[in-house]
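In what follows, structures are represented as structure tokens.
Across the two complexes that follow, chain A remains constant while its partner is chain B and subsequently chain C.
Moving on, here comes the complex of A and B:
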């Protein structure tokens, strides 16, 4: 999966209406809430095997920073 | 000689709060997405002067329309919303229901793992000849612990009570139960103030968690992400341990009925555990997460709806506040 595919998968999983890119701060989206945080944790754990902790969600800002938390190599390796 | 679940009833308070009602209070929130993902449309909330015990009495009265209350010789009352610091609420329940006086009765303080603990305790009381007809009651009013501006938890939690009669039987219908405890997570789901460690503080400041949910240390706080991770990491493996402890495999089980926390989380656990959707109960649309009441409510709904008339193997698992988890096998 490349970064662009990751972004579209993320948008699909979270059912986001807003357009997002690498610089989007997810938590600043109007539609962001704690349910999205849970869905994000589930998606990342299922797809990449990375467990995001509450602190990871707290520290997360942009999509880029989320990718760094997951580990770029895990995203590349995932189908 | 063994034990079996004889009858189950439950009771919701009258006051209904729909997603449309919540939308009026929180107009910026997408409650249709919430309903679709989390699987909750309605929750019922106790009135200002209505307590968990009041709900428990009504649930038990439903049960005693069909069952003889004079047979009850033990009351197990599970709640985190007791009437008083002391006495134990089970004593008051004994009196209000007009149960015999030569019986045992006590409260135990557990949340979402409470019902499975209760079934296991009832089985032990029966199999050790200390009781023949145990009344297991769960009753919870988390709504009273929630901050009015705590949108997420107000959407998830509902109030309810359940009552179950577990009786002796010729054959054993309650299998092996297992338990888990991790107190390092005690503060992941907590009402901090008002008991022995911290006084209730009328001037407590408002705190924000998650996106824009408000609470204070006088109120219930839940660290959603951590509870979600705990559940997803622990419960699938724990479910396999329950199967092993009962010498069964996944394919032998007719239905898995887990604590109905929220539909998204349940589906995540289900997929991790490799259980097919048709064998995995998810229905909390009407009532929401009622803590220790979700499993008996789900069991009752499942039993009322099922087509089969033969005895089935059902695995029940509860998990949450503590952190605490437990589960086991039922045949009914």
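Moving on, here comes the complex of A and C:
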């Protein structure tokens, strides 16, 4: 999976209507709520095997920073 | 007289505390769990003649009857069973696949029914036995992300009521305890996934604070004893007031 595919997958899973890119701060989106955080944790765990903790969500800013938390190599390796 | 008690989930949380309480009142305990290290101190203290640790994976339901054969091979039948093993998970509805749903039902519900089915055979259990399942206050309430957990815990309530009727002719009693949040390793894992504000919110939803295993075990002990001989098919909430709001 490349970064672009990751972004579109993320958008699909979170059912976001806003356009997002690497610089989007997910938590600043009007659509963002605690349910999104829960879905994000589940999606990342299922797809990349990385279990994000509450602190990771707290520290997360942009999509780029989310990718860094997951580990770029895990995203590249995922189908 | 010494009772023979089978306890699952015996190496952690409420299960482990129940094992110790039952040993204190001079019973023989068959402890099913996954981590012997956590129960070694009790084996040392009470000896293998009183506490037998049996490693067993409760998702292997087809092997369960062999376990009962092993336990009763001395000809002495079981008097009680407490099923504490279970799993908790937070999965939003949109991510629940049929496999994931099956996984949590396997451990939380299907193992309960199979344990009860085998236990209730006359060759493995005495009349007047007591069986105790752990549901949860989440079995009667809901929470976001808990479709799987809540539905499994609600299912237990149906198991308890129906089986209590079926087994009444042998005076075997079946009841469920529905705890609120109790300070156990399972809860610690849950809290590690939540931010501080959510953890505080959960704490504040328990008027008497979150529970300790010692707050639940006396009820386990009572429901296993003959003092509760007229109580069956019941769902008993112990939650520090969580569910009354």
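Worth pointing out:
Criterion: the second predicted complex is superposed on the first by the 79 of 79 C-alpha atoms of A that agree within 3 Å, B and C clash if a C-alpha of one lies under 4 Å from a C-alpha of the other, contacts with A are read in each partner's own complex, and residues count from 1 in each chain.
One rule holds for everything that comes next: a contact is a pair of C-beta atoms (placed from the backbone, for glycine too) under 8 Å apart; a residue touches a chain by one contact, two chains touch by 3 or more.
This one's a predicted model, so the numbers in the text were calculated from it and none came from an experiment.
Three-chain overlay on chain A, with chain B and chain C in a clash. Once the two complexes are overlaid on the shared chain, A:27 sits against chain B while remaining clear of chain C. Partner contacting the larger number of chain A residues, of chain B and chain C: B. Look at A:35: by the touch rule set out above, it reaches both chain B and chain C. Once chain A of one complex is fitted onto chain A of the other, the partner contacts of A:57 extend to both chain B and chain C. Judged by the touch definition given at the top, the superposed model places A:19 against neither chain B nor chain C. Once the two complexes are overlaid on the shared chain, A:73 sits clear of chain B and of chain C alike.
Of 3-11, 39-47, 57-65 or 147-155, the segment of chain B whose C-alpha atoms clash with chain C in the superposed model is 3-11. Contacts of chain A with chain B, set against its contacts with chain C after fitting on chain A, overlap at residues 15, 34-35, 38-39, 41-42, 46, 51, 53-54, 57.
Chain contact summary for the complex, chain A toward chain B: residues 15, 27, 30-39, 41-42, 45-46, 51-54, 57. If you check the complex, the residues on chain C that touch chain A are 90-92, 94-95, 144-145, 192-196, 198. Residues of chain B touching chain A in their complex: 28-30, 33-34, 37-38, 151-152, 209-213, 223-226, 228-229, 232-233, 264-265, 268, 271-272.
Interface residues of chain A facing chain C in the complex, by the touch rule stated above, are 13, 15, 34-35, 38-39, 41-43, 46, 51, 53-55, 57-58.
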